[in-house]
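Two complexes, one shared chain (chain A), two partners (chain B, chain C).
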Partner chain A sequence: MSQIEIVIDEKKYAAQEGLLLIDLLIREGLKVPYFCYHEALGADGNCRMCMVEIEGQKRPQIACDTNIKEGMIVRTKGQMIESVRRRILELELINHPVDCAICDQAGECKLQDFYMDYGLYDSKIDQAEKVHHKKHIDLGSNVMLDQERCVLCARCTRFTSDITKTHELGIVGRGDHARVTTMPGKKLDNPYAMNVVDLCPVGALTSKDFRFAQRVWFLTSTPSVCHGCAKGCNIFIDHNKEKYKDERIYRFRPRPNADVNGYFICDAGRLSYKELQENRQLEMLIDGMVSKEDEAVACYHKLVADGGKIVILADANLYTEELEAIQKYAHILGAQLCAPLESYRDESFGDDWLKSSQRAANAKGVEKLGIAQILSTDPVALLINFNHPDGSKIKAQKSIHLQTHQMEGKADLVLPLAPFSESSGTLVNEDGIEQFCPKAIWRNEPLMSAIEWIDLLQGGER
Partner chain B sequence: MSRKIKVVPRYGSNIKDKLYLPAIYQGMKVTFKHLMANVADSNAIETLEYPEEQPSDITQRYRGLHRLTHREDESIACVACFMCATACPARCIFIEAVEREDGRDEKMPKRFAIDTLECVFCGYCVEACPCDAIRMDTGIFSLIGSSREDFVLEKEQLLAHKGAFGEEKSCARK
Partner chain C sequence: MRECRIVSQKFDIYQSHKLDIAKEHGAYSSLKDAFALSPHEIVEIIKLSGLRGKGGGGAPAGAKWALMPQDGAQTSYLAVNCDESEPGTFKDRQIISKDPHLLLEGIIITCYAIRSHSAYIYIRGEYSQFAKILQEAIDEAYGAGILGADVMGLGYGVDVTIHRGAGAYICGEKSAMLESLEGKRGHPRLKPKRPEPEWYFGNPTLVNNVETITTVPYIIKHGANGYRAYGTEQSPGTLLFAISGHINKPGVYEAEFGTPMMEYINRYGGGIRGGKKLKAVIPGGASTAVLTAAEAECAILDYEHMRTIGSALGTGGMIVMDEDTDMVEALKNLLEFYHHESCGQCTPCREGTGWSDTLLGRVLDGKGSNEDIDKILELAKTMDGQTICVFAPAVAIVIRAFIGKFRDEFEARVNR
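After this line comes the complex of A and B, so read on.
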């Protein structure tokens, strides 16, 4: 395909011949409304919102089904095209219940956005005259369906037919009676089902998990990487700190990255924010008793000074920077460092798409740093465990656990550790792609990361 | 959309204004006029012997304590859309939403609390409400409590407040 030039709104753009016009418009940040088109699903051409004027064509054309040709002159603005869009939008909204007040999509809804951009007309239809469908249907897999709010863009049905190939969703009925539904008695059931919630441009498909939890305009999105497995899917952490409360994560959303996860994440990863916030280790414990920081540090130094063989276990979910710091620290202590990756393997989890059987997010990072994975069988005097799940399985005379979550088993000293959302660092996914995660959550009483703990334990200031 | 802009002339650039003295004289004239009149006849001073005497000039537009309105079947009108909490400049409205099971709408507040100590009584919540579910037409202007917590009005208290001007039910949610 050759490089050509086309004119859009009196400006020249370079593009590849044959590329979809809508892709160019999206890439160049030119405003174009659309419901049915999606980069991952391709063009369907059913919503008719992306109309543009093309010189030489009698009628406006849809940008999602137009290939770019040499010498094309396109207009995306102007009275004519805007009146066309307004009328199409009015048709889309004709039976819409306009229940934005109770709709979770409000604030990130394409109907709202386009109405503010192109609509702003007074409704000609009374609420009582509108065609009514079923509301709040539980489709299964944490997805709620509201048939009235649907604009029939078919993104969800194309997702189940083209991407997951599970074919649960379909559109039945004609005209006003057309609606999205599943087969009678069947549920939406696949490990990627909740992606239809993100795909839905309106409030027809919403998440049961996020239902009524927050209004989206209160949420702050921080880019991050899912720690559910070694795939390293890119996510947004949506969090909010309510007045007088601590900061909380309310949902994970997929963040597009063509090299890793495309536009989607699996449901297990999406819901992993819950585990992240439950059962947290927040206190320092000496022999199971809550203690203060100076006592805990003194206890730590005493345990280390007692001598004998020290083994440090490191979690393969820690950031590379943290692993490096632990590696250096192990060298200073003369301890043996080990991060068994076998403990994270879960053959029942993986598939051939976005789920990996290696459930440690930074397994590749551990390999790259050359951290040993097999522990020697010598008796261990002191175990220092940085959040590795096998901490309690290793027999040691004394043990110190730095952990993000409460774990079973006894330890002489337990120190709370900040989980990935509360610190920052780099992960290496299973394909060797390095990805940086900034700190997302700022707790009222912040916990220390592995690096900060090592600093403190080596005599640094907190 | 073109904005409506009213250009206001800038005053105070002439010598008379810059001197300030004529303006001070004008002000003091008014002050002393009242002082003289009040000293001459102290019984004519307009006062209200509160709390024995209650104000009689509270109108429908007065922004009193908040209330949550009801529907015709006495159920709560609020759908927990958070518009009031979003509009609130004092961030003193605390809402927790929950699924509504009685078939009227889908959503309702599990908790709806207003911290009246933080509230600035601006009335933005009333303006923002799409359901006419929150009003400030109770005519209540004093609230008494013995602890800070007493001033955090919960949903039940807000629902119990009556409108002082006849309109009891929500006009937007039947």
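After this line comes the complex of A and C, so read on.
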């Protein structure tokens, strides 16, 4: 395919011949409304919103079914094309309940957006004349359906038929009685089901987990990488800080990355945000008793100074930078460092798409740094465990645990550690792709990352 | 006006759907001639004959056949469209119940011409009785060695399978029909950018109307010029015109293209019922623009002429309306049909058919306004040319013709 030039709204653009016009419009950030088209699902041509004017064509054409050709002259603006969009949009809204005030999609709804862009007319139909369908249907897998809000773009049904190939969702009925549903008695049931919530451009499919928890315009999105397994799916962490309270995460959303996860994430990863807010280790404990920082640091130095063989365990979910710091620190202490990866393997979890059986997010990073993976069974004098799940398996006379979450087993000293959302760093996914995660969550009383702890313990300032 | 019997030759013969009776009257006699020709030669004859698709569109059949791959490297199919659901159209059911063997004969020749060994006949779900007759004919043909691995010992195999639809008008649209035949929802497909065959499970497929295929044996027997002896230069041959409504003799009668409409209505339809005056005619199935009596007076039944008077020949299924007809009620009847039958894929059609029906309902109930009538016309504009298939544009044509030609009747309802 050769590089060609086309003109859109009197401006020249270079692109690959045969590329879908809508892809070019999206890529160049030109405004084009659409419901049914999706980069992962391709064109379906049913919503008819992405109409553009093409010189030489008698009628407006849909951009999602137009391949670009040399010398093509396209107009996305102008009275004619805008009136076409406006009239089609009016039809989309005829049987829509217009219940934005109580709709969870409000704020990220394409119908709302396009109405503000192209609509702005008064309703000409009485509520009584609208076609009514079922509301709040629990489809299963945390997905709720409101058939009246649906624009029948078929993204969800195409996702289950083309992507997961599980075929749970379909459209039944004809004309304005068409609606999305499952087979009688069947549920939406696959490990990727909640992606239909993101795919849905309107409020027809909402997440049972997220809905009514927060208005989306209060949320801040920070790009990150899911720590559910070694795949390293790109996500957005959507979070909000209410006054005086600690900042909270409300949901994970997939962040498109063609090299890693495409446009989707698995439900397990999506819901893993909950773990970041439950059962957290927030206090410093000496022999199980809450203590202050200076006491804890003094206790730490005493335990280390008592001498004997030291083993350091490192969690394979830690960022590469943290692992490096630990590696250096182990060298200084003359301690044996290991990060057994076998502990994270879960064969029941993996599949041939986005879910990996290696559930440690930075397993590849551990391998790259050449950190030992054999767990020593010999008794040791002191164990310093940076959040590795197998800390209790080591026979140690004394133990220090730096942990993000409360763990079973006793430790002489417990220090709280910041989880990935509260620090920043790099991960290497199972395919060797390095990905950076910025810090997303700022607590009122911030926790320290492994690097910060090591700095402090080596005499640095907090 | 000449009598012509190309497709309807055996319609009046008692039990003509039985194989032995059909054979007595010449069924399958064209096969020998056909197999003496090469597939390419048959396609050329069809092209020369000027045969046009008889399902409503009137596109040249030969050109469509020529799109099929000629090397036979890939499995190909013939899909015969018998999803006859257009209001006012009921010609195909006559063929499959009165002369199914002529259809099978046409199928065998067509399959040979496009190098296909399997044909599917997609029959409208409601035609259960007619499907049964056709199935019996197919069974008889298999029994007699006419269908199957070796057609009449001519060394070519053809299998014919009936598929009954589930009752959706849209499945008469060829790509929706193939979707339905593949076991999916009958939704029209996006149209290809350049001429190409249809696709059935990824294989090239020819889709033709029942009557088109049934015309093929005559053309093979009498040659392209034999067929061109009827009709006009651009619309050669004949069509099974159907006539219904306020007339004395509703039915299906074959006539050549170029026949004046009134002559047809008076001679075959037996004139307007009760000696009443003619008010309007829908010329070619519900989806063509309605003609006023004055327009019908000078209408001539061929594709070109009907287009010049702003309508279309369509399927040739005429619906005749006398002076007592309420045009508002008549349009409401049609809009209810389109509202019920829109497949619901494209937004303008899914919502436009429903809303225009609702608005016209307001007008009929005496609760409407002139604004409602204008809104219906605006909806027609939105539905025209902005959807995947031609369903919505057809609704737009119907609305514009009815309101445009009989606006005073609509306004009278509003001002009541």
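Methods note: the second predicted complex is superposed on the first by the 459 of 462 C-alpha atoms of A that agree within 3 Å, B and C clash if a C-alpha of one lies under 4 Å from a C-alpha of the other, contacts with A are read in each partner's own complex, and residues count from 1 in each chain.
FYI, a residue touches a chain if its C-beta (ideal position, glycine included) is under 8 Å from a C-beta of that chain, and two chains touch if they have at least 3 such contacts.
No experiment lies behind these values; they were computed from the predicted model shown.
Taken together in the superposed arrangement on chain A, chain B and chain C fit without clashing.
In the superposition on chain A, contact is made by A:46 with chain C only, not with chain B. Between chain B and chain C, it is C that contacts the larger number of residues in chain A. Look at A:102: by the touch rule set out above, it reaches chain B but stays clear of chain C. Of the two partner chains placed by superposition, A:370 touches none, neither chain B nor chain C. Of the two partner chains placed by superposition, only chain B is touched by A:135; chain C is not.
Of all C-alpha pairs spanning chain B and chain C in the superposed arrangement, the closest lie 25 Å apart.
Listed in rising order, the residues of chain A touching chain B in the complex are 99-102, 106, 135-136, 211-213, 215, 217-218, 243. Residues 168, 170, 185, 190, 193, 339-355, 358, 375, 378-379, 381-382, 385-388 of chain C touch chain A in their complex.
Chain B makes touch with chain A in their complex at residues 79-83, 86, 91, 94, 97-99, 105-107, 130-131. Those residues of chain A whose C-beta lies close enough to touch chain C in the complex are 43, 45-49, 51, 58-60, 65, 67, 84, 87-88, 91-92, 94-95, 124-125, 129, 131, 151-152, 170-171, 173-178.
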